[in-house]
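Two complexes come next, and they have one chain in common, chain A, joined by chain B in the first and chain C in the second.
Now for the complex of A and B:
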């Protein structure tokens, strides 16, 4: 081996060693905050483990999961989560698309438009829930005020299950749509203006230009936004919790709220862990398309 | 040309109204007195604007402490997150480790774990370590929450740095770590600050973990603290609104100062929705 080759090999080794060393802190952090907790989660989900009576801890196999599938509260929370997802995912995508199209123009209001798209995204979802609880207040809320002005009867929004679901959905759509809009706006701005211009000169109407030029080119961004929206919708917690604490009653109790209640109120760690494991599994399944895309674009 | 111009103005108005009106309504509410609030029909513009709600927001609950806690947790978790993800991103983008795509995907997938799932074991672990109701109980998970977005933003940036730069520094006798620290990092200040801003916002917003891991009177963060203004049957909306405005001002300032960065970072590393 020539001297040059030896130097080169040792330089490669030094580079790789540094690579692993720089990667190590991330691995340690993920190990401590994700991998080890997930291990404990799986372990706890297979045990009867209640903090009210820690001495009674014992291995129960899949009994917690069996109990979960027989628990009407679990199916109720699953239903709420799915209904919320089915309403808020298309709602946020649609509103996000409208906002992105509306914001996609070179106006001198560019700065303010950006701020108006960013603020709902950056606002803590817990704040957002409280704000919308106020807007939907039966007596002094602005929503009922507008309804009265339009000649409608005011509604007791947050104290009846159906209207509360509507209010929670609307707050969630508002909050999520700005993230969707920001992703789609970035997508829109990569579409060459000439392409749309050519279609216009060819006599395509505004709708035809959108349908046959813009939309197909925007599709990748729509998919990205859709995946993130779905993952987030599955984990819905902050807005329903801060608006109505999952209520009235349990009517808006999502899976994440139920997990939180089981653990923090009933201290039923084993049972809560089975539910948390299920949530984790579902979330991973939903992440697969995104992760596959990520892997393809980086390997 | 004229009608088209009008349509685009209308579109701008729609975006502004959608994004800003809810927060402005809260701002208007915070300036109304309790008496005015109880008027029917409700008033839109405050008749006699008053700042007493702000005084009450600071005196009825330790609002300043909530802000301090949120800020402390956000700054420290963002610092931890950016430090850790800068190293990882550089290793994956430039140091030619085997299967960088796989490593990156594993890293991102681990960090995409739902906080609701981690809540139970993290609660037990933090309790075991005596860290419940401390900043640290939130700093560690909040740093992980932003790890994917920060790593993706930094990987994308490091890839744009030409290899010749590192090679020249190596020939000049710089070590590989020296290249990272003295050549790459100084060049990356814009990308590092983008990553830091995204991590700050994520931590500022975190609610679920904070509610359980850090609900102590002295260490609780803003989203948890703001829940305390409501009694069991009372909702002092003007005071709550004032507290919400106080909690929103730092975000508005950050967005006003760095909106290009936030938009750019969100779209390269868009992970949180």
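Now for the complex of A and C:
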């Protein structure tokens, strides 16, 4: 008996060892590219660390965080980020859903929609921002050209806070909707056609089929898209930066743009790291309800 | 029985030792003479003419066997280059040896410990060498009593004007902003050309917008920082600076999209014949006069920047400096290279082939230069008395605040009073 027990224990140990060995590459990789940078970020956020004055570097505890909460620029950037998220998340989700349904339809133009879906997704965000900045340029932009053709006066969209926010939101929605659509399209393709067909045979209208069959089954995909979109929206940088650099002035400065300015321009690594840590925390906190919903829907 | 071959090393090791040692010595000596050192220089964007720099470096390589120099180009604007270099140097990356940096960057980069002090490499020649440059460059390239950069090119803001149009309407070159407004209006009204505009300045949130704010401010005899680097902003002078530009916008002398205008936009519009006046850097002269497609060749005048009523003429200096990365693995070789790049012969070549202005006062009376750039005789005193933007390790904050605020005021999203308050609030904390 004891020999059998020893053999069993040894086999368990061997399995555990093998498990750890198999996990090791992933653990090492995640440690190198996630744990170490995040650790450094937290460490820097607790220090006064400005490269312009390296001699003054010292541990300051939570002072950087306290200064942030008293900084009007931080609250302004938080407001802009949330406003942008509130506009672009529903916008991209809605447009993405419409595009996904079009790409999943039986139409003979389905291939064209699928092809068009890939274009915004494949474009680098900075390039997308520059492209939209050209669209809205006062002198050469296609938007003002259309306005002139309609008998309107051209408007300098990107130098007024409201129109600039509108232009940035539009570009962000356009760019993000294709990613949302690709996720939703994948979800739509997993829904058995028989279910929709049965509903149709039982007299359900197109809307009823969508509302009561497609949407509930698509819900896990919607949640996944929502998580990705929400995190990306909170970290909005490329498009607003390449279109307006957060301007005019600082009127459309997001938290990510402010972090970039603090770190790469002002070289205030400690203060910028505190802001980046808050941004990371905010993204994690907002992910929790979505993840809960996702697991619940799987159950 | 096989007899051993006479050259078998195994059998006759002693006979071969000498020739082998000789060969080894030769190989090592050869290695020492031909060991290639590759230096990598950051040369900025296309406006800094990396193409011309390549030719200059080719000559350097030919004169210095064993040294190879690679060019890395970067972002188009000064502030983007500064951001890029900050990222590279913050990582202590040794891949760049020499850095071409804007006139406003040496203090910040040196404070961060990214620049190699040059004093020890110059020895006894140091003082004489640096004294040959104009005083403003002596000031910007020193940090805590150490030389950290060598001037490469000088630049200054000028008023460009259309000689043909001023002659046609028999109008003199304006010396005040009000005269400029009236001259521009008279010409634009008279030309009946929907494309023609009065004046273009840089209003986009770029370095040019910093100068846009400072020019009328300085013209009122005010300083932005004191000798200790503390903010000395004169609120009413700053308000008048913004008011001047807002007035020119309201009178349509400046186009409505001024808050979007970058340096290149002004150059393109002037070269296309769509402007009466333009505020731009000295290098633009070559574009107006020589670039393919220019419509204003032979019709361009250069003048001092107008002053505010009762004020003085001022200009803002620009230009690029060479410095050595503190993380370079080839510092002596890099110092030798940048010394060559800052030499009078390279300076003359830059003037001849690219129209870049020299940093040594002696050049402005040198017939060799005047033959290439005849307008230097008149422009020289303006350039040599030009001002640098505020010299402070916290220049990034100064620049970010001034350019964004100026752009927002020009765009109308910020009232001049709000703009001045914003500048005070943001900079008082860091410049104290």
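Just so we're on the same page, the second predicted complex is superposed on the first by the 237 of 299 C-alpha atoms of A that agree within 3 Å, B and C clash if a C-alpha of one lies under 4 Å from a C-alpha of the other, contacts with A are read in each partner's own complex, and residues count from 1 in each chain.
Just so we're on the same page, contacts are C-beta pairs under 8 Å (C-beta built on N, C-alpha and C of every residue); 3 or more make two chains touch, one makes a residue touch a chain.
Note that the structure is predicted; figures quoted are calculated from it, not measured.
Please work out whether A:266 is in contact with chain B alone, chain C alone, both, or neither, and reply first, second, both or neither.
Second partner only, chain C.
Using the touch definition from the top, say if A:103 reaches chain B (first), chain C (second), both or neither.
So A:103 only meets chain B here.
Which partner chains sit in contact with A:68 here, chain B, chain C, both or neither? Use first/second/both/neither.
A:68 contacts neither chain B nor chain C.
Decide which partner touches more residues of chain A, taking chain B and chain C as the two options.
It is B that touches the greater number of chain A residues.
Looking at the overlay, does A:222 come into contact with chain B only (first), chain C only (second), both, or neither?
Neither partner.
Looking at A:248 after the superposition, I want to know if it touches chain B, chain C, both of them or none. Which is it: first, second, both, neither?
Only chain C; A:248 stays clear of chain B.
Please indicate which partner A:87 is in contact with in the superposed arrangement: first for chain B, second for chain C, both, or neither.
In the superposition, A:87 touches no partner, neither chain B nor chain C.
Taking the superposition on A as described, I'd like to know which of chain B and chain C A:143 touches: first, second, both or neither.
A:143 sits against neither chain B nor chain C.
State whether A:40 touches chain B only (first), chain C only (second), both chains, or neither.
first
Look at A:120 in the shared chain and tell me whether it touches chain B only, chain C only, both, or neither; answer first, second, both or neither.
first
Overlap of the chain B and chain C footprints on chain A, residue-wise?
In the superposed arrangement, which is not itself an observed complex, chain A uses residues 137, 139, 264, 269 for both chain B and chain C.
Along chain A, where are the residues that touch chain B in the complex?
Going through chain A, the ones touching chain B are 11, 14-16, 18-26, 29-30, 32-41, 44, 95, 98-99, 101-103, 105, 107, 109, 111-127, 130-135, 137, 139-140, 142, 145, 148, 174, 176-180, 182-183, 186, 224-225, 228-229, 231-232, 234-235, 237-238, 241-242, 255-256, 259-260, 263-264, 269, 272-273, 276-277, 279-280, 283-284, 287, 291, 294-299.
Considering the complex alone, what residue numbers of chain B touch chain A?
Within the complex, chain B touches chain A at residues 8-9, 11-12, 14-16, 18-20, 22-23, 25-26, 29, 37-38, 40-42, 80, 83-85, 87-88, 90-92, 95-97, 99-105, 107-125, 140-141, 143-144, 147, 151, 155, 170, 175-177, 180, 201, 204-208, 211-212, 222-224, 226-227, 235, 237, 240-241, 244, 247-248, 251-252, 254-256, 259, 262-263, 266-267, 270-273.
Help me check something: in the complex, which residues belonging to chain A touch chain C?
51-54, 137-139, 156, 158-161, 245, 247-251, 261, 264-267, 269
Across the complex, what residues on chain C touch chain A?
The touching residues are 79, 82-83, 86-87, 90, 108, 111-113, 205, 256-257, 259-260, 393-394, 396-397, 400, 404-405, 407-408, 410-414, 422.
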